[in-house]
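Below, subunit A partners subunit B and then partners subunit C, in two separate complexes.
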Partner chain A sequence: MTGRRSDLGYWLAAQRGPLAAAALFAAMFALFVAKHPAGLSGSVVNTAANKGVLLALVAMAQTLPVLTSGLDLSVGSVFVMTNCLASTTLAGTPVQIGLGIAAVLGAGIACGAINGLVVVVGRLQPIIATLATGAIYQGIALWLRPAPGGDVHEGFADFMTSSLHDAVPVSLLILIATVVVIWLPYRRTALGRAAYAIGSSEQAAYMSGVPVARAKFATYVLAGLFAAVAGLLLTCVTESGEANALLAGSYTLSSIAAVVLGGTALYGGAGGVIGTIFGAFVLRTIGDLLFVFDMDALSQPLFLGVVLLVSVSLGSLRLLRVKRRLDLYR
Partner chain B sequence: MTGAATLRALGARLRGADRAVLAAIGCNVLLLIAGALYDANFLSLDYLLLQLQVASFLGVIATGVLLVVLLGHIDLSIPWVVTLGGMMSTATAGHTGIVGSLAIPVAIACGAGFGIANGIGVAYLRVPSMIFTLATNTIAQGLMVVHTGGFAPQDHATPAMHFLAVERTIPGIPNAVWVWAALGGATVAMLRRTGFGRRIYAIGNGERAVYLSRGHVGRVVIACFAISGACSAFAGVLLAGYSTKAYQAMGDPYLLSAIAAVVLGGANILGGRGSYLGTVAGVILVTLLQSILSIAQISDAGRQVIYGTVIIAMLLAYGRRPKGVS
Partner chain C sequence: MEGISKHYGGVRALDGAGLRCARGRIHAVLGENGAGKSTLIKVLSGVVRPDAGRIELDGAPVELRRPADAQRLGIVSVFQELSLMPDLTVADNIGIVDPPRRWGMIDARAQRRRAEAALARLGVTDIHPLAPVRDLPLSRRQLVEIAKALARDPKLLILDEATSALAAADVASVFGVLRALRDQGLAIVFISHRMHEIDEIADDCSVFRNGRHVASFAAGERTPNQIIEMMIGRDYDSVFPPRPPGPASPAGPDGPPPALQVTRLSWAGRLRDISFEVRPGEVVGLGGLDGQGQRELLLALFGAVTGVTGEIAVGGKRVVLSSPRATRLPGGGIALVPEDRKTEGLMLAMSVRDNLSFAALDQLSRLGVIDRGAEQSAVAGVAELLRIRSDGLDGPVAALSGGNQQKVVIGKWLLTRPQIILLADPTRGIDVGTKQELYQLLRRLAAERAALVLHSTDYAELIGCCDRVLILYDGAIVRELEGSAITEHNIVAAAHNLPAGEPA
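Right after this comes the complex of A and B.
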């Protein structure tokens, strides 16, 4: 090592995960567009954005509990439940739609708050607690919508899934707005910094007077909110609601994969939603690439599983840097 | 710490473990009373034996889950390894001759293979178990989707599978219950009487100490995950024998049920503490709960909500982490 690292050097080192995910996404998306028969048209970008943003929002939800070294296995169920709720509330006059949106977001926050209460006040393990609450939310989704269907205001749904000037997808703007309005301010508050501190060392954070309970609770509440935004968007994409347990499961799973690909440490304490967003885009672009390269649709789940396994195993490259083997053990 | 204090701590710990098991048994009694109040047939011997038969499938899965939980890990690959077990057995049964008769061992070997992969990932790649097993679960799912073409396979269970899962050789008692009893007996003996069993508890309590005392942490972890995979696949075989076919996502309901059974049975999800007796109580508890919800003719939606709520409530009642920061 020669001399001091510049500020830029430190920034690059800290943002290695997100930057790698962004670069991977850029390369893959370029390949996808080059191979796509329609090329870089507004509709290709719009479709890709809608799919990518859905997963990105759910994966953002997953990121927050993971930062505190927790996990939320109910994000997919909240996503599907809010989809079912939104399929009944997004109709009528603009005022009614506005109230409907508020109700959906409120429901997501309520689900997150229940998760937070069970984990923080109830002191249950996040995995088992959110697995159980996920079953509850899935049940509510089934109660709200026993059969697929829904009544969604067409103009509103079309606007939400369209592109402004045929170039900027509205869904992408919603994602950016969520990051700018919620994530960036949150990251700077005491609660946001506390989430990272808890993930690094809960004991040290507690001893330093970090509000551990409140910060953990906040991560689950925000997770519920993000999942509800995704549920809202899904309703606009499909213009209906469905209590699809398989969809919930696959989104929960993909959300964890996106978090890992985006460079957030599963042990908590490092990472953030920006990397996760690119991780989600990478995952969705894999599906698109398989499509343009005419890969058998049936082998897609297997391919996704292999990608997931390889990406989580890549994290073990850090083992090569561990000098004492004892450090590997708890 | 002085000797007396150590003894006192040990005593308190034993009492703590026993209390959870007692609570699980108490909940079982309450559920039986509730069921009897709803429907007098609930307490008939026939119905209870049927419940025990259904419970034995979950019990086989929970056996593997307990071992993994005792290590302080978790196995989220259960749903699709169960399905894999069911599908591999029925697919093998489709062959004629000697291959066709190997349906059960082939399925168990496939499950154990997945378990070994899980163990290697957790023990040597040091990936958190819940993430690694989630990934292998996806791979098992992907393999089964490719294998079946996304449809229910047109294969059937072998007579041996039917024999194990449904028939009653000794009048009254289903063979599945004997299978569970044999597996349970072997597990109890292994946990209590062998060095391997003690090492499982030791790793759950302090992995570093076991590593420093040359306890072969990696091998024990791999063995436990292999047993868990084999148990899940075997349960898939039994389920396929029970319903005479294997189908997509047949293992999905068993993840929450098996983990809930183990945790409600007093095992600490962080490892090192738990007993097979507790798991048996937990398995019966979960089975009775599901049975009551289904005879009460509540809609599917309501059943799921109540099931999740009751599990959370019971965990809150006695499955909590100790107070303070972990």
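Right after this comes the complex of A and C.
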């Protein structure tokens, strides 16, 4: 150890991932705005915010299981399923819409609870368990909405996707509210701490008397809730519902990429949703940049794939320091 | 606690063991490797549940289903394997069990104050409470571990080898705290392999052997030699094949070069300046307490760790072992029978045949295509030699008994015709009959001019099987025993880094 670092030094060291992601996003977004023909206008920001927040919410959902060194492959399906459900419940009087929102969020929590039960009680590997439950949620989505469509209260949807004073996107406020009301308190509860402890060393956490089962279960439940918030917002953006399996798959994959870009280790134990949010924004801005730089639309998926691979590789740098070769396989 | 029994499969870890410790006393628990100390502690801290027996705390029976139960009752353990979460900060780790809360949320500032207080109590000033535990060296981590235990206000504090990684100055300040806690009325159970530490701090001692409680006495009543006699006991079984008469191979400058020569080998602070040689036809034992570097030495000789310094020569020629694959040398390579056969030695789901031929596929294939006929006859030959009992060689290895699985691991390497065979505790968890077969096999391999290095936690095995025994302590060779000097007493004394001497 070289001397004593200051408190700020330790804080900065711990926040390296989120800070890097935020800096990268700021640089990319500045480039995007500079290159965009309309410049920094309210509508450009609003559109970017709506797209970015959707992925950010789904990626936040993904972050929680990843912190416990799990994975939730059903986040995309919960997102799509709650979208289909919301396309039937967000109509009528304000009271009815309110009840409809509650029903959608409740459905997300229920999906997360099922995932949590299968992983914690069933002791299945999260990746397999959520692959299967994700297929079920996709099936429910199709059953709820066999054909695309829906009846969504137009005023409500417009408000949710607009900007206040043409400057502050409502979607962004929803994201911030989710962070402030759910994530920040959760992070500071014993349950949130336990999630980090489990991801860092499940054995040590158990030995220390940490409520391992309860904490894991909670991460999946919160994942379901975050995915449902995203589903709700998607319904307002499209004013309809669609059981789109491709959309579910692409959101699941991008959510994992956003988690890694945001500095959360796939082995668990370190990171958080703040980094993930910037990771999601970075991913969305890459797409926007490709658009303003007139990149061939057909080569965009290929390019995005390479970016994903590179960003996931960054997480493996620690392997270079391994002293005992067998540890590489742990 | 009384009458505690615990079986793992057919292995008896604890057999009606009991322990009684009083408030305001420091109680040392002693015993050889595998005497049941660790299992006893695990039972007491709720990590494993006993098959029989009962535990009383302050006269009232208690049931410990999980670690959280024990902690609620004030039983706090500091384990040999650390129970820290590396990604969390020091303060988070110390506060993990019962963090200070305000409105249901963790009060970070109060938690930090508590961590600082706990560290200060141990006289530690060079650990920042916001540092991630991952960044701390082992000795500092162990202090954090102890601070974590103290922060919980335990009634019964258990320290299982908790001072093994500490420097003398740190041990002294930890002992100071332990004495203060004792004077406050805490009951403390202290496990250590360092005799002088036990001399220094214990009020009472209990000796365990083979899962049973042997004796309890006040500290200072018995000499270290008497205690060692108690730890060894006198139950012997002679299942070992006779050693060949005379030295295995003529030593000295005129003889053939040693099969394996190690000069000043060091690795990452865990191995220190190790030099020894093994001649063809010789069985050299690696003894000592658990975790003194035996495992790491074998891995280093097998090219499985990076950053090794020093020289290794095989058959008189210097070699660089950069990976296990690099140990395939002309004239016969190095084979390692690893400690954990299920994960490092076998592919459990694959057939016995596939497992046996894996290491030798190079020799059994032509232009990259496996020669089925050659594989067939080679595998059949070695299965016959080892008397591997299985319904067929095409069944999965997972279906075999532990002893037969171990034979498959050994057989796999025999197919490559190694000149050096490293074995890491090969008889752990294996029944006596198969053990005997393995011992005979080792002797036969030695007779065929292979050089064997055998790490064993079973002293009887070192005595019965080995021509020479090297005792490791803290990553260095502290004693070499040869011929009639290989006695249980000498091994145990050397393992505790005590001078050799006859039983008092």
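Methods note: the second predicted complex is superposed on the first by the 317 of 330 C-alpha atoms of A that agree within 3 Å, B and C clash if a C-alpha of one lies under 4 Å from a C-alpha of the other, contacts with A are read in each partner's own complex, and residues count from 1 in each chain.
In this text, contacts are C-beta pairs under 8 Å (C-beta built on N, C-alpha and C of every residue); 3 or more make two chains touch, one makes a residue touch a chain.
Please read all numbers here as calculations on a predicted model, not as lab measurements.
> Put the two structures on top of each other at subunit A: do subunit B and subunit C fit, or clash?
They clash.
> Using the superposition on chain A described above, determine whether A:92 touches subunit B (first), subunit C (second), both, or neither.
Neither partner.
> Answer with first, second, both or neither: which of subunit B and subunit C does A:269 touch in the superposed model?
second
> In the overlaid three-chain picture, which partner chain does A:10 touch, first (subunit B) or second (subunit C), both, or neither?
Once the two structures are laid over each other on A, A:10 reaches subunit C alone.
> Spot which of subunit B and subunit C makes contact with more residues of subunit A, would you?
Of the two chains, more subunit A residues are contacted by B.
> Determine, under the contact definition given at the top, whether A:185 touches first (subunit B), second (subunit C), both, or neither.
second
> After lining up the shared chain so the two structures overlap, which partner does A:206 touch, if you call subunit B first and subunit C second: first, second, both or neither?
Both partners, subunit B and subunit C.
> Is A:196 contacted by the first partner subunit B, the second partner subunit C, both or neither?
In the superposed model, A:196 contacts subunit C only, not subunit B.
> With both complexes superposed on chain A, which partner does A:149 reach: first (subunit B), second (subunit C), both or neither?
In the superposition, A:149 contacts neither subunit B nor subunit C.
> If the shared chain A is used to align the two complexes, which stretch of subunit C, 109-117, 253-261, 379-387 or 397-405, clashes with subunit B?
The segment of subunit C occupying space taken by subunit B is 397-405.
> Show which residues of subunit A both subunit B and subunit C reach, each in its own complex.
203, 206, 325-326
> Enumerate the contact residues on subunit A facing subunit C in the complex.
For subunit A paired with subunit C, touching residues are 1, 4-5, 7, 10-11, 13-14, 185, 188-190, 193, 196-197, 199-201, 203-211, 265, 269-270, 322-326.
> How about subunit C: which of its residues touch subunit A in the complex?
Touching subunit A from subunit C are residues 45, 47, 66-68, 70-72, 77, 79, 82-89, 92, 96-97, 99, 101, 104-106, 108, 126, 128, 130-132, 135, 148, 268, 299, 303-307, 323-324, 344.
> Which residues, counting only subunit A, touch subunit B once they are in their complex?
The contact residues of subunit A facing subunit B are 71, 118, 122-125, 127-129, 131-136, 138-143, 146, 202-203, 206, 212, 243, 245-246, 249, 253, 256-257, 260, 266-267, 298-306, 308-309, 312-313, 315-316, 319, 325-326, 328-330.
> State the interface residues of subunit B toward subunit A in the complex, per the touch definition above.
The contact residues of subunit B facing subunit A are 72, 74, 121, 125-128, 130-132, 134-143, 145-146, 149-150, 206-208, 210-212, 217, 249, 252, 255-256, 259-260, 263, 269-270, 299-309, 311-312, 315-316, 319-323, 325-326.
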